[in-house]
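Two complexes come next, and they have one chain in common, chain A, joined by chain B in the first and chain C in the second.
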Partner chain A sequence: MPIRLLFRNLRAHPIRALLTAGSVAVAVFLVCILDATVRGFTAAVDLAAQNRLVVMSNVSLFVNLPLAYQQKISQVPGIAQTCKFQWFGGSFKQKKGGFFAQFAVDPENFQTTYPEVGIVDGSYEDFRRRRDGCVIGKDLAAQYGWKVGDTVPLVSALYPRGRDGEEAWTFNVCAVYEARVRSLDQMTMYFDHAYLMEALDLGAAQGQKGVGTYSIKLADGARAETVMAEVDALFAGGPQRVKTTTEAEFNRQFVSMMGNVPLLLRSIGGGVLFAIFFAVLNTMMMAGRERTRDVGIMKALGFSGGSIAALLVVEALLLALAGAGIGALLAKGVEGPVARVVSMWAPGFAIDDRVLLQGLSIAAVVGLVSGMLPGLRAARLLPVHALRQEA
Partner chain B sequence: MASVPLSYNLRSLLVRRGATLLTVLSIAATVAVLAGVLCLQQGFATMQAEHGRDDLAVFLRPGANSEGESGMDLERAQILLKETPEVQKGTDGKPLAAAEMFLAVSLPKIDGGQTNVPIRGVQPATFAIHGDALKIIAGRNLTPGTDEIIVGTAIAERIQNCRIGDQLVLNVTPFQVVGIFEARGSYRCELWGDVDRMQHALQSPNFNRILAKLEPGRKAADLNERLKDDVRTPAKVQTEREYLIAQTGKLSGLLQFIGWFLAVVMGIAAVFTGTNAMLASIGARTREVGILLATGFRPFAVFRSFLFEAATLGLLGGLVGCVLVLPLDGMQTGTTNFDTFTDVAFAFRFTPRVLITAVVFALLLGLVGGALPALRAARLLPTQALRRT
Partner chain C sequence: MTEPAISITHVTKTYQRGGETLRVLDELDLQILGGTFYALMGPSGSGKTTLLNLIGGLDHPDSGDVVVGGDSLTSMSAGELARWRADHVGFVFQGFNLLPVLTALENVELPLLLTPLKKAQRRAQAERALELVGLTDRMHHKPRELSGGQEQRVAIARAIAVDPAVVLADEPTGDLDRHTADQVLELLQRLNRELQKTILMVTHDPVAAGYAQKAIHLDKGKLGRIDDNRKATVTAGH
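On to the complex of A and B.
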């Protein structure tokens, strides 16, 4: 195959080559982002800890469990640790869209139950000592410019303070964490559950007392099924029944809440592929048509139909792969900011090797097929006809 | 200044129909993605806005944005129910006001997976307020004071165990499904039961909101002004329509973000494709351009002519894109409303707004894609253009 001719052909229409590669780049970029988002949805299920269980109300995630349940649950054999979890629903009013997740937890047990929360700044000891202390994610700290020692004011619609409900709760940043597993986001705030209960007891804030869910860390060698059944049996007679599930199962309900969104994103990904296929095909058909005379000359010189077709196929492949490379780089480049935006829905968002490889292989297939169509046509051309045609 | 006849461009598109088709399809795919997501957003937003009533008032706890976040105890609820003169009286002389409970309950969907279904504890006044808009279409209505529930039509189709005769257990209390009701907007996606029985079953003494019918001429905004700083019973009052529209912000915003993010990114690719196609098409017609210029058409007329051709490509792409998503119109779908965290069922709606947005966007794609090639054509010198083979 004449390599020099291949590159000359590519350079013959620099704008066209650039635009074609550009549209492939855009498509691969988009396919990578969509794929990583869909995978991110389920990361919390796929990467859930095997040794953790979650206890929630049998009726609804939005019904609080009594505080007294913790003591009873802890006595079930096979449980090493329990930790309260309560959604706070606060927002930072000083910044538009200042909404992120906050949970009230047990500072004593939180770190041992969730070892993947790695403290990178400040001290966890301070968090355990200070009633109004909190631990915040690295990305959250970066986005709002908060650091250890800062005071964070949050207004909660679930636990309003003041007569108009607009008075802020204040939290003191004691430590910053980073995630040691991919499924944990770095955009969450954890604070002391006792701080919340105290304010409700004193009447400083309104809202329902109780605990949203209890997390259980199993002791080594304990069987999850046995513990789940025993915890459920504790409260089977009411007044409030509970449902104990594995962490994976608990996380799955949030994925299932997304309904058809993953399917929607996948079909959009399909639409994008369709569009780039047409774009590359269009370019290669144009290239093929223009080169009818060249093909005639090459055939007259004795080049086989196969090598002429190969020329077009390799040209398309190179264009597609060059574009795909740029697209993959772009996707990798925006990984951090996008991960922060989608962290609430897709905490596992990551442009990893699998995502990149998939993007590149799709581009390669598109390149091959769209080179093949004009290539076959060129291979079948009769030199006399080809030479007679006006370019 | 003489214009190049439009038929010249239209015929050129027809002659090069293969390339025209590919360009139109790549614009169409972009437009279809935008239009499809917008249909979803419109279906959701218009359902909430159209079915909200202005003569009904919703009372929440100050600071709360939704029923789930709101809460009021029995004492406050009783005061508001009985001592709000702005509320209309029913035929029995009692105020048309109902204290309701609201909770998102996790239930299995018929097509797999779990979802949060809104369950509402209602009072007899609730039915009086809704009046004829609420119809029992199968079975019978619930009897106040008993463990009976009725289910909205959208629930009966989507959620397991929601047919007449089925049982739904809340903690340890079984509730019997006795009827299916049709109602306005998102009420179709709810389960209704007696509020006292539900509070008992859920061990919760609180109400989430009060729904009331206002006397003609009374405004929810005035009531809000009076009650928001009230010492005994502070409350946030909105019309039902305002309340429902306020529940669309997060999901609508998310859908619009997804739609426009994709449209802009894919639009870049479509502009590249359009530019490519126009460049090739004009390149093949260099001689024709030379003839046009030589016969006295001004460069600007040539520019305008090719821009028109590009706009036609865009318009065709827009129309094809719309035709592609048209079958979605009316298709039922469901997702979680992130303002209430509950499942909501609605249909894709291909509204005039979607059509206009999609077509304008497609035209824009065509024009941007055609600008550079048209400029190049207009700048050609007739002598050079004519010499080119």
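On to the complex of A and C.
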């Protein structure tokens, strides 16, 4: 019966109940999305491979390293494989906003260095054989409707002329990959670094030669600190000094380039929650005041202040949790599309159990506190005063 | 039944209003006999409702003692008073005071939640109470779907659901027309005669007071006269 009374009270003001639960739903939805985005930023750091290092210019990430460095790096003991990585900075002009990440890599070493890139369509062998071949992420293929065998024209600000002297570079889709780890996005294109260099050598293409970073895969048992020190020492005398870091550290530096974006996102989430908390509190205070006479009746019948307060607290908790459930379901529902949109800068975006649990916990706290204030008031109310209230 | 069910001894109750102290009950002494139907009369501000609230354990006196059914209410805490009310007293209010979101049956069942009865027993007892007030056919209706008289009969059913010895009614017919008021008063009379309930009813209405066996008159917080309607009737009959 108390449960029935509780639900009847909620149903007595259906619009108010819906709006309150709706506001909590919106808040929890936003908090889940923002939290998952922030976690997505840092997932690249948290989930970085332990056996990979990154070599970059000691000056800046934007300064290319000489091509000849790869062979020297490969000779350092403890290194199993090296792979070039060069940012291309292209976009698909045929579609508005057609920007996504492209990297020129070594097809020979790329897959063995990055085993988390799992081919799900086409052939990696074709990618290795074909100079203009490329491997694209599953989400990228889905977004632009590209499939194996398609030719993709891209225009790059860093390499303003293609191999044929035309504005666009053309790539042939040889394979589609799927990420085997959460920290890898599925919105990137990888193509042959040699294709880029050949075009520059031919003179038709324009742009800077070199390599942005070298990725190193450590041999089994190799110590990262020793290898990093040896690689750095190798080029200490020039012509260009390098800085070797673990993949986790490299990703951390990359994330820190975003400055206070995670803090900003968390602040927005906190602000929304705070506003919703006051909205729910106000609603529950109103509901509590409206029921002053009912409180008086129940007290006259012999119900204790505590049991009446508990009814109000549970009612607020139910409203908040119902809203939180809807918000969490909505967030889970849009997880896929949002993950595709944010995957380039937050590849680890996922509405996982931790994110959902956090959203539900916050809603539970909002519900509890919102119910406790009117509950305490009801508990303290003298029955004679409560019964005097006009119905 | 002539044992005093309620004993009021030197009870004083004051209220603060606008910086002024109002002495609503002033050293009041009163004995209420068990199984008797009393009307409590007097002008506005004479302390009728305040006395009813003290007897019902809804409020504490400033001084003096209120003993109901052998229990002294004066020293009880708020929690003890709540438990005591649940077992010993039923209330009927002028404004009916039913919970609008519950049906008639659920309203009557509400005080039974505080008893150790199981769900089926509670339901059966609530149905019996509604049957007693003649509302079996309206038990699944909500208060807004009932007439004023029906609402008050539901309130009476709720008041007797836990089978209390004492029923306190504060202007139970104040919001009803004459015909409906008579039906409600006859019902209270039946509860007193057939179930031996001690009934204390606050009223301004001399006709309503005529249904009671005794009429207590209060004036400025002090006891006035007590009329014995039975004797009056007998006298008139002679």
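Here, the second predicted complex is superposed on the first by the 385 of 391 C-alpha atoms of A that agree within 3 Å, B and C clash if a C-alpha of one lies under 4 Å from a C-alpha of the other, contacts with A are read in each partner's own complex, and residues count from 1 in each chain.
Methods note: a contact is a pair of C-beta atoms (placed from the backbone, for glycine too) under 8 Å apart; a residue touches a chain by one contact, two chains touch by 3 or more.
Not measured: the values here are computed from a predicted model.
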item	value
Contacts of A:260 with chain B and chain C, given as first, second, both or neither	first
Partner chain in contact with A:87 - chain B first, chain C second, else both or neither	neither
Partner chain(s) touched by A:305 [first = chain B, second = chain C, both, neither]	second
Touched partner set for A:4, first chain B, second chain C, both or neither	second
If touched residues of chain A are counted for chain B and for chain C, the larger one	B
Chain B versus chain C as contact partner of A:387, first or second or both or neither	second
Touched partner set for A:62, first chain B, second chain C, both or neither	first
Which of chain B and chain C A:297 touches, first, second, both or neither	second
Footprint overlap on chain A, comparing chain B with chain C	391
Partner chain C, residues of chain A touching it in the complex	1-2, 4-5, 8-9, 11-12, 293-294, 296-305, 382-384, 387, 391
Touch list for chain A against partner chain B, complex	15-16, 19-20, 22-23, 26-27, 29-30, 58-63, 89, 155, 157-158, 160, 163-166, 206-208, 237-241, 252-253, 256-261, 264-265, 268, 271-272, 274-276, 278-279, 281-283, 285-286, 290, 390-391
Parts of chain C lying in touch with chain A, wherever the complex brings them together	53, 56, 58-59, 78-79, 82-87, 91, 93, 95, 97-102, 106, 109-111, 113-114, 158
Contact set on chain B toward chain A in their complex	18-19, 22-23, 25-26, 29-30, 32-33, 36-37, 40, 61-66, 68-69, 71, 103-106, 109, 113-116, 170-172, 202-204, 206, 228-229, 234, 236, 258, 262, 265-266, 268-270, 272-273, 275-277, 279-280, 333-336, 341, 343, 389
